[in-house]
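The next part holds the structures, each set out as structure tokens.
You will see chain A twice below: alongside chain B first, and alongside chain C after that.
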Partner chain A sequence: MNWRLKALGFGVLAVPAFSGFPVNCIPGALLPGADYGWLVYAAAVHLTILLLLGRRAYRFALAVALVISIPVVLLGAGISYTGLLISGWSQARQVVYAAHYVRLAVTMLTVIPLALSMVAVIPMHRLEHYLLQRSDGVKIAEKIALMGLRVFNHTLHFVLPNILEIIREEGVLSALRGRGGRCRDNPPPLRRRITGTLRMLTHIGVEAICAAIRFVPLWAEEISRLPGYGTEKQKQDHAPPSGRDNK
Partner chain B sequence: MNQTKEINLLFRAGIIAAFATLSFVGTLIIRIPIPVTGGYFNLGDTFVMAAGLLYGPLVGGLVGMIGPAAADAVGFPQFILATAVVKAIEGFAVGLIGWKGRSALRSIAGLVAGIGILVAGYYIFEAAIYPAMATAIPFFGVTDAKAALAEIPPNLLQGVLSAIVAYGIVRVLNRQTR
Partner chain C sequence: MEPLHSRSTFFDCYEEREEAFRRQVDFRLARRYSGPALFWKDFSRISRAAMTGRAPGIVAYITSSPRDCLAFGTPRQVLTAALMTAGESGSDHRVQQVASRFGVSDQLAQPIRTLSGGETVKLAMAKTHISLARSSHLVVSSPFTWLSAGNRHMLDDLVEYCRQIDKPFSLLALNGEDDMSPIGPQDPFLALDPTTLRFSLRLTGVRIPLTLSLNPLTSGAGHAAIEDAHLELESPCLMTGENGQGKSLVARALCGALTMRGMAVIEASRASGAARLLFQDVLTQTLLRSFHALAGSGPVSNRGAVLGIYAGIRNGYAEALKGTPPSAGVNDPGAGRHSLLDIKAILVAARLAADPAAIVLDEPDWGLSRKSAIAFVSAVLSMAHRQGTPVILISHKPWWQPAARSAIAVSRTAGVRPEATDRPVFSIALRCQTGAP
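Coming up: the complex of A and B.
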């Protein structure tokens, strides 16, 4: 199937997630927070991804959805129940929290694979190739889109893996927890840990920004050299031969 | 359009795309839920504020509108509207006040304004605009005035931490380019 049709299909499928219609209109719930409307919608989303993108892409989308949503749901529930324990247990509030986190889990496990599939279905490299090879010139809006695509791809596929590598290699996470090297038996005081964390975040932020914008000036110049839509050069290139050349 | 202007425009588009992607990822990776409203704490504001301070109000505003709102689309679709509006104004204000002159005082004033807009903006959306919209569209019925009040401290903490890191980033980068 054409990627445009797939993108349109996912776009239509996303409407209930962003408007609540008609999923919120279906009555009944399997559990508090797991409404039938959302469960049916989640099943439809997962089945569509499986059918349109295949098993491999589906597994990837599901894995990413689980990695993102499990910490959010479990951490949120942990914070809520700790608050309940501290402020005095209330059965009514416990029921409300339980329903909230079940609903959040269902929403996240539906929306995240859908959003990932919407991005995955657009062939970024083919789009760039298509824009570069247009014979009738490139409009300024298309040049801006080309620039955006290049930077987005570069940041997502090259910059972020490198940053994650830096975080892993330099043992940033264990340093933040105060377990790094010399500090193992004598963890640093809270104040130093906070300033250390902020410094580390600043360092990571600077690295990420420098790497993300490194090629932007070069690409801006390169893309600006592409023949513009309807420019004199284009008109000359595509004009029918005239005068003596016709003979 | 002459070539210099075109290069300038494309350069700005590239900067916006880079910062929006970074703020999207920053919002997506660190998500600590706030139980009362169903919202979450994140550090994506760092890149919105840094974009405003480094490249001005227009870039800051567009980065704020695109990056964090795209991250909300992944799991928290109810908050897309509030995030897009609040963070666009936040990035614009930070750039408007703190961009020119590169003075520390202006930068800090811009960041303080950004924190104020973040906290007040979400409060207004969650206490007034969303409940009003929920009467017509139940999808937006996720918060009320009481919940919005409870979200002020985490939003304030998020704004302050993001501003500190953004200020550090801008100082380092300004020192490098001097």
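Coming up: the complex of A and C.
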């Protein structure tokens, strides 16, 4: 199946997530917060990803979804229940909180893999190439689209892999686990690991932002200089004679 | 070589050359070597100028890291945009024609990030060649650093073309970077400890995907293979090869910086961890961290040990140059921060402090004058050997041959394109060079 059909498939599949229809209209729930509508929808999303992208991609999407969802849900629930304990336990509010966080978990475990799959199936670099190949010049809207695609592609395919390479080279994860290098025999205390992790996350965040925007002026300049719609022919007529390929 | 030498302007240090380069390209590049604050100041100014239509005139330029002047995602896009901007047709046929001439026709659909250094250089040359017709002048930064001898003719052609179309050009270089003679008695190289430091390099079934970031989601893209090898070597070991043979890819595989299949390990007598790598593009490797953050980089690093090794490297550097250790920040005229040399030294120190099985220095001369580079490498070798860590030097320059006790030649098979043009597959062979210096 080509990417257009896959993208269309995921696009259609995303409609219930955005509109709430019909998933919110199906009555009944397996347990508070886990509505039948959302459970069926989640199953459909996961099955579609498995069928269209394969087992390897499905495992990856699911892993990312779990890594994001579990801390958010558990931390959120922890904070809410702590607040509930401090303000005086109420059975009714406890049930509301439980339903809320179950619903959040189901939603996140459905929407995150779906979003990742949508990003993965659309070949953004091909779209960029397609916009550049207009023989009659590039329209203003296309230039804006090119700029947006450029920032997206650069961040996803250049900035993030570079940062991942450095994280791997520095063995950040094994150091956090107290393995690797000198810390293998003498693992550092948990507090130091936590502050180190926070520091590293800050550096990564700063680098990611700066590296993502670094080339924006260069792209703006190069994209703005592309011949406008309808002027390509004129430019060709006025181009200086070029003998560089005749050497 | 001589005409280019006489037409080049030489500088003592990276920061001075970079400042001159930025002046020549109308300050359109933000500084990354001076921390996030200066980067942001530069970026705001450049974007304001660009967004308000006050962008400077067209200049054809190649940066000291040639990848930085390529605005798009693939070689095909870079060439198409350059041709269209130059008023030519960006048709596939024309793009293919230009790509063939510059030897990048097999890589047209490959993401620029996965191009080898040599392919990136060729692409930058091709783009500059196209843009020259509409540009006021040409500026090239440190061409002798990133061009191997085998590809030097491309720069000659570019300069010759400039002369033909009567465009002014500037080559900005660092002192001695065009000197291709091996290090000799006149160079500041410290004699190494005669003790033999042996290690072995073992690669089995290494396959490196040439895909983008979301590897598992973008299945079906091509991969590079490294042929199986088991080499017994002695430190310092020199990894050589022309531009584009895949030296950096091998280094990244050996140091675990890449997602890959198979096994690539360096085994030394005191191996106590993974091998570590100083990237060629050290500025990326800093993650914009300050000197002090680098000294304590990693979640659990030992700042005291790192600073101790750093001081040792600086003392070795000074000893090689027969002078006093350079004070931190002395080479940075702009920000009063640490120089590129300091940054390299602290990155190496942080790696050595982690007790790696080996340390790999990828093009350690990048951004340094010949004298500085030789003294720096000499100081690192001396420090690494003192703590029993083998060193692999990666370079296409013949400078290091007399210093090496073993050598590996890296060569790449011609690109083959199996079922689709966007699946380039090639393999890299490592051979222990017989008659190594």
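Quick notes on this structure:
Assume the second predicted complex is superposed on the first by the 177 of 247 C-alpha atoms of A that agree within 3 Å, B and C clash if a C-alpha of one lies under 4 Å from a C-alpha of the other, contacts with A are read in each partner's own complex, and residues count from 1 in each chain.
Everything below uses one rule, namely that a residue touches a chain if its C-beta (ideal position, glycine included) is under 8 Å from a C-beta of that chain, and two chains touch if they have at least 3 such contacts.
These figures come from a predicted structure and were not determined experimentally.
Contacts of A:Phe60 after superposition: chain C is touched, whereas chain B is not reached. In the superposition on chain A, contact is made by A:Val206 with both chain B and chain C. Touch counts on chain A: comparing chain C and chain B, the chain ahead is C.
By the touch criterion stated above, A:Ala17 is placed in contact with chain B alone, chain C being left untouched. By the touch criterion defined above, A:Ile79 lies against chain B but remains apart from chain C after alignment on the C-alpha atoms of chain A. Of the two partner chains, chain C is the only one touched by A:Leu132; chain B is not. Of the two partner chains placed by superposition, only chain B is touched by A:Met147; chain C is not. With both structures placed on the common chain, the touch criterion links A:Ile68 to chain B but leaves chain C unconnected.
Contact with both chain B and chain C is seen for A:Trp219 once the two complexes are overlaid on the shared chain.
In the superposition on chain A, A:Leu160 makes contact with both chain B and chain C.
In the three-chain superposition model, chain A touches both chain B and chain C at residues 116, 150, 156, 160, 199, 206, 210, 213, 216-217, 219-221, 223-225.
The touching residues of chain A, counted against chain B in their complex, run 17-21, 24, 68-69, 71-73, 75-76, 79-80, 83, 97, 100, 104, 107-108, 111-112, 115-116, 140, 143-144, 147-148, 150-152, 155-156, 160, 198-199, 201-202, 205-206, 208-210, 212-213, 216-217, 219-221, 223-225, 228.
Chain C makes touch with chain A in their complex at residues 28-30, 32, 36, 39-40, 43, 46-47, 49-51, 55, 58, 68-69, 71-74, 76-77, 80-81, 84-92, 97-98, 101, 111-113, 129-130, 133, 157, 161, 164, 212-219, 252, 255-258, 272-274, 276-277, 279, 284-285, 287-289, 293, 297-302, 305, 353-356. Per the touch definition, chain B reaches chain A in the complex via residues 1, 3, 6-11, 13-19, 21-22, 25, 28, 31-35, 38, 40, 43, 46-47, 50, 73-75, 77, 80, 137-139, 161, 164-166, 168-169, 172-173. Listing the residues of chain A that touch chain C in their complex gives 53-54, 56-57, 59-61, 116-117, 119-120, 125, 128-129, 132-133, 135, 138, 150, 153-154, 156-158, 160-166, 168-172, 175-176, 178, 180-184, 188, 192-193, 196-197, 199-200, 203-204, 206-207, 210-211, 213-227, 232, 235-236, 238-240, 242-245, 247.
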